[in-house]
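In what comes next, subunit A is part of two complexes: it sits with subunit B in the first one and with subunit C in the second one.
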Partner chain A sequence: MKQRASGGLLVLPLVAFLFVFLLYPLCYLAANSLVPGGGVLEGRTKQVGGWSAGQWLQTVTLENYVKLFGDGYYLSSLLHSVVLSLAIAIGSVILCIAPAWVLVRTRFPGKRLFRAVLTIPMAFSGVIVGFMIVIMLGRWGAIPAVLHWLTGEAYLSMTAYTLSGLVVAYIYFEIPRATLTLEAAIRKFDFDLDAAARSLGATLWQRLWYVLVPLLLPAIISTVALAFAVSMGSFGVALIIAKKFNLLPVDIFLEITGYANFEFASALCVVMLVVTLTTNLYLRRLGEKHYVFKQR
Partner chain B sequence: MSSSSANTVAATLAGRPRPIALTTAGVRFLTGVAYLISVLLALAILSPVAVSFWGAMTTSKAMGTASEVGPGWHAPATGGGVFVERTQAQAGFFTSLWYRYVFRVYGRTILFTLQLAVVSVVLTTVIGVAASYALVRYRFRGQALVEEIVLLPMSIPGIAVAIALIQAHTTLRPTWYIILVGHLLYTMPFMIRAVTNTLRSFDFIALEQAAASLGATWSQRMRWVILPNLKHAILVGSLLVFAISLGEFNASFLLNTPINQSYPAALYDTYNLDSFQVSSAATTIFMLLLFPALIALQYVGGRELEEAGQGV
Partner chain C sequence: MRLLIAALVAIIPLWPHGVRANHFDAKAQAEFKAALEDAKKAEGTTLIGYDHQPNYANWGGVQKFFTDKYGVTWPPDMKSSVTAMAALIAEQPKPQASIVYYNAAIGSQAAERGLHEPYKPKGWDLIPKEHKDADGRWFNIHYGTIAFVVNTKALAAAKAAVPKCWSDLIKPEYKNLVAYDDPTVQGTAFDAIFTALWVHGGSYDNFTPGIEYLKKLHPNIISYNKETSYNPSLRGEIPIWIHADGSGYKMKHHDGGPVEVVIPCEGSTVFPLNVALVKNAPTPRLAKLALDWLNTEEAQRVFAESFFRPIHPGALTPEIAAKMKPLYGSYDGLKPYDLPQKVKMVDAYKKAWIEQVRRAR
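Moving on to the complex of A and B:
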């Protein structure tokens, strides 16, 4: 049918956009990570993107990856990033079950406002969260200042720059993402199942452990996957407050701004992309495996 | 129904055990805990917001002095310049000096970010609605792949996309289009999700066929049948796109040039260069731009927001 064929063309602008500005750049990134590293330290700065296919074939090397995996520093950055992101993803999801539950299962005046408050950090970039943790828990943040006024001792001062400060800051901007996703999952939950379990004599813990948790597990796991990806990519917080921890996104940023070593930064990006995407995919698969009922 | 049969029913029920209560003491306890955690989370979210609004206007030195008004400040043409302003500012409790400073130094950046957000909304609407319609209405090869790739930016780090874009499109590097591209990549999923979810939720093909059987042309069907039904989804998608574009930092930070800087990057500069008061003023200006969009989202929201909000 003629009309059918022409109608499908409406998707073309999007496909062209994605091809030119997402797929091609990502392929270029992968290709460029195999070119010998430049950067000001090596004295090999060159025009970014200045190679043709022929040149590329002649210069292709694993130099960047050998440096990356041979150097304990970058491996530790990668490890820090992955462990921190996973821990934060799991922690924030557990924490956000509470507001998601409240939003679905209870009624109170001002619920929309409460929901709006919870979504505030959604559009905050990492730097803003970093600033906020500094004004709350920095050297002379609001909380130490209040504690000093109350007790005469500025407790919790400088917490912002420690690992716990980093964790708090990351959880801060995971709250809306985790809450909204979990809320949708809980809304879909069939509460008749809970009533059935109760009428069969299940205790509270049995209802939670054998009915609620197994049925919500896929949603919980996919929320973890999402939160993980967001944490991996967000480097604004770390840029402001991570003074003691080397994290992969910050290393990439420094490699570009400090040494202009685009080739090595590309290799770091490729590793980060591979790790993020495989972990994300694995978690999503895991979530699907736990579906008790088939999705529509 | 006669009263005698009602009595029989009551008599029968009287002999039976009472129905089991679903809301036991344990459930009430857990709900209480959930309320408590929620309230604490809301407080944790709001308190830094409150502190920055206070800091943006205060003359207090409780959080460090604001003696340094950053390097971008130029004395006003009339009056005694910044030193007089500062002395005046330190006299009362509140001052607008920090706001005036931010507007003077970062005013262009604020306008640029608004421009980016508005252009993102327009382009994601045009490209996204057309593509969503095609994705839901027609079957073609690679359809699932297209949907998967649109959502890809949500799960890949922005800095990697930025570095890829810089290297692959060197000619775009000095222009503001490259920042726009970064914003579009990260906002497109929200628009597409909002619109496709709505399109999948009702049988618009039947409506379209009905209109066609009455002789409506393709453009008439679009104008009078499809688009009116998508109005709400487009509104929710636009608000999401606006909010996300306004705060986008991860991808756009490296895409920025000294001339074209988006506001979150300017915020990073104020945090590094300026005093607590000036940084607070800059942050609260960002919030004042953002909050109306977020609150509007909650009030116009509904199902589209719930579904599109997943993976925000």
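Moving on to the complex of A and C:
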């Protein structure tokens, strides 16, 4: 009994922290999204959040959401964000599952260094990754410059500003997240099952496809969910390199810094949050369904 | 004779100073320093301002000069005109900044939105009428001209000639070689699209010529950057940047870049930049003194090192003026406009640009 009380006390700082820095801002965001909007382009002068509870009740409106869902532009931004993030999440898992396997199952000199290098992209903010992509794959990036030197033609020039550039940049910063999460999952994997498959004469491909993937599917799906959430929210990369490809986080940035339409930006945030959360919950549920064996 | 001399002596202080703002003499400087010391005691030694990008109009040099000479820390701020205005709207009634610098069109909008405290700095009468708000809500400190900032090395690598005209930029050979910043975020970029309108015969309510031109330019655009493109342009990532002439001269003369400035053959427009005291400023005394200082030749000379033309002509030394020579074009064909009328069209023109250029497929 005493122990339980002290355990509760230990949780308290985190609860307090989450209340102040997560719950309160989210409630504010939701409330603010129901206040009539209008940015500087509509002649805005009034400050943000200058409403009291009474005023809020009087002015509460769904007009921001009506605008959001009535305007094909914002719907296309939402669609782009979801499709891009899902594709990135699945792509990065496919790319990272083998390195994660190698990290668990093999010993080789410099393994620690290899793992440390893999985590480097996590240390960079999106804006830095965006600039990196421009330097590597921009109009006169390092890669086109080398290709030009080799072949006389600057292949891959301008890739940074295209959808492919966005994909490269997003995968770049998903690599450490996906690798580390998958590594942890593979570590828990019962390798006796793999050894049994091998002694029965299964090929590498068979072992991978019939033993490893089904058993790891829950972990794979939860990695996809994590990578999806990170990609949805990442805007630094898109801010630097997305030219014609509109994404929701960049729209939110423009609504706030360009148009000072904080209420409409709040509505965009709420929609993005709801979409990310429901997709995430759905994916995690899917992962739980695919447990082949009950947890021991 | 004695009477005449006495009369002359009496007249000298009354003599209109005319074009030279030499009101910041030794005595005025001593008074300024004393007032600054008092203000520092009351408000501390840090002055926060918005939209002070170190690579824009030599803000970096100005802040260093001010800190070294007067002991007030005046840190850089990477906001642009529009984001500065948005921040001031968001932060009222308790803004973080005391002083703000903008593109004049945006700064005038901000003034009309009640974000400034009227303040007429020392030497107010020396500012030409068109460079100040009658109510003291803002005044201009210098102006730039919209130009093509051309990285000649990058253009040569792309086997394209240096463009001379607006009509050159829309040719297919300039595909992926041109950029201007996002005009809904950056003030100078707004003047880039305004100039595209103005030289093509547009007016305060007819945006079609500008939008039609910018639509034709769209396929050649690398990207509409939300942050300043100063470094990508210097590096050659952006061979042709439609921006302030001063940015190009700074790259050429200070950063040693292979950069030239072209004033387009169809003409261009100038755009002033203004400063203001923020309403409910946290350090109003420091801000007022800084505004006094910004209206001196001393301050505007430091700005002019970055090749923005000072409002007080005496602040432009012949050496600096001699370096402001475009490779093609001249400053004779600049097209005038009426600032108050331009201010009224800013929002509508931006909206037209968003709908018809940026969001167009």
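In this section, the second predicted complex is superposed on the first by the 274 of 296 C-alpha atoms of A that agree within 3 Å, B and C clash if a C-alpha of one lies under 4 Å from a C-alpha of the other, contacts with A are read in each partner's own complex, and residues count from 1 in each chain.
Keep in mind that, in the parts below, a contact is a pair of C-beta atoms (placed from the backbone, for glycine too) under 8 Å apart; a residue touches a chain by one contact, two chains touch by 3 or more.
Just so we're clear, the structure is a prediction, and the values are computed from it rather than from any experiment.
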For A:256, decide between first (touching subunit B), second (touching subunit C), both and neither. both
In the superposed arrangement, which partner chain does A:158 touch: subunit B (first), subunit C (second), both, or neither? second
Tell me which touches more residues of subunit A here: subunit C or subunit B. B
Determine, under the contact definition given at the top, whether A:241 touches first (subunit B), second (subunit C), both, or neither. second
So, A:285: does it touch subunit B (first), subunit C (second), both, or neither? neither
Pick one for A:123: touches subunit B only (first), subunit C only (second), both, or neither. first
Check whether A:32 is in contact with subunit B, with subunit C, with both or with neither, and answer first, second, both or neither. first
Check the residue A:140 against both partner chains and state whether it touches subunit B (first), subunit C (second), both, or neither. both
Output check: A:183 vs subunit B and subunit C. Expected answer is one of first, second, both, neither. What do you get? first
What residues on subunit A does subunit C touch that subunit B touches too? 47-48, 134, 140-141, 239-240, 253, 256, 262
Parts of subunit A lying in touch with subunit B, wherever the complex brings them together: 3-4, 7-11, 13-15, 17-18, 21-26, 28-29, 32, 47-49, 95-99, 101-102, 105-106, 112-128, 130-136, 140-142, 145, 172, 175-177, 180-181, 183-184, 187, 194-195, 198-199, 204, 225-226, 229, 232-236, 239-240, 249, 252-253, 256, 262, 265-266, 269-270, 272-273, 276-277, 280
Per the touch rule, the subunit C residues reaching subunit A in their complex are 82-83, 85-87, 89-93, 109, 113-115, 154, 157, 176-177, 182, 184-185, 221-227, 232, 236-239, 347, 350-351, 359, 361
In the complex of these two chains, what residues of subunit A are touching subunit C? 40-48, 73, 134, 138-141, 157-158, 161, 239-241, 243-244, 246, 253-254, 256-260, 262
Once bound in the complex, which stretches of subunit B touch subunit A? 20, 22, 24, 26-27, 30-31, 33-38, 41-42, 44-49, 51-52, 55, 62-64, 126-128, 130-131, 133-135, 137-138, 140, 146, 149-150, 152-161, 163-170, 181, 184-185, 188, 192, 218, 243-244, 246-250, 253-254, 264, 267-268, 271, 276, 279-280, 283, 286, 290-291, 293-295, 297-299, 306-307, 309-312
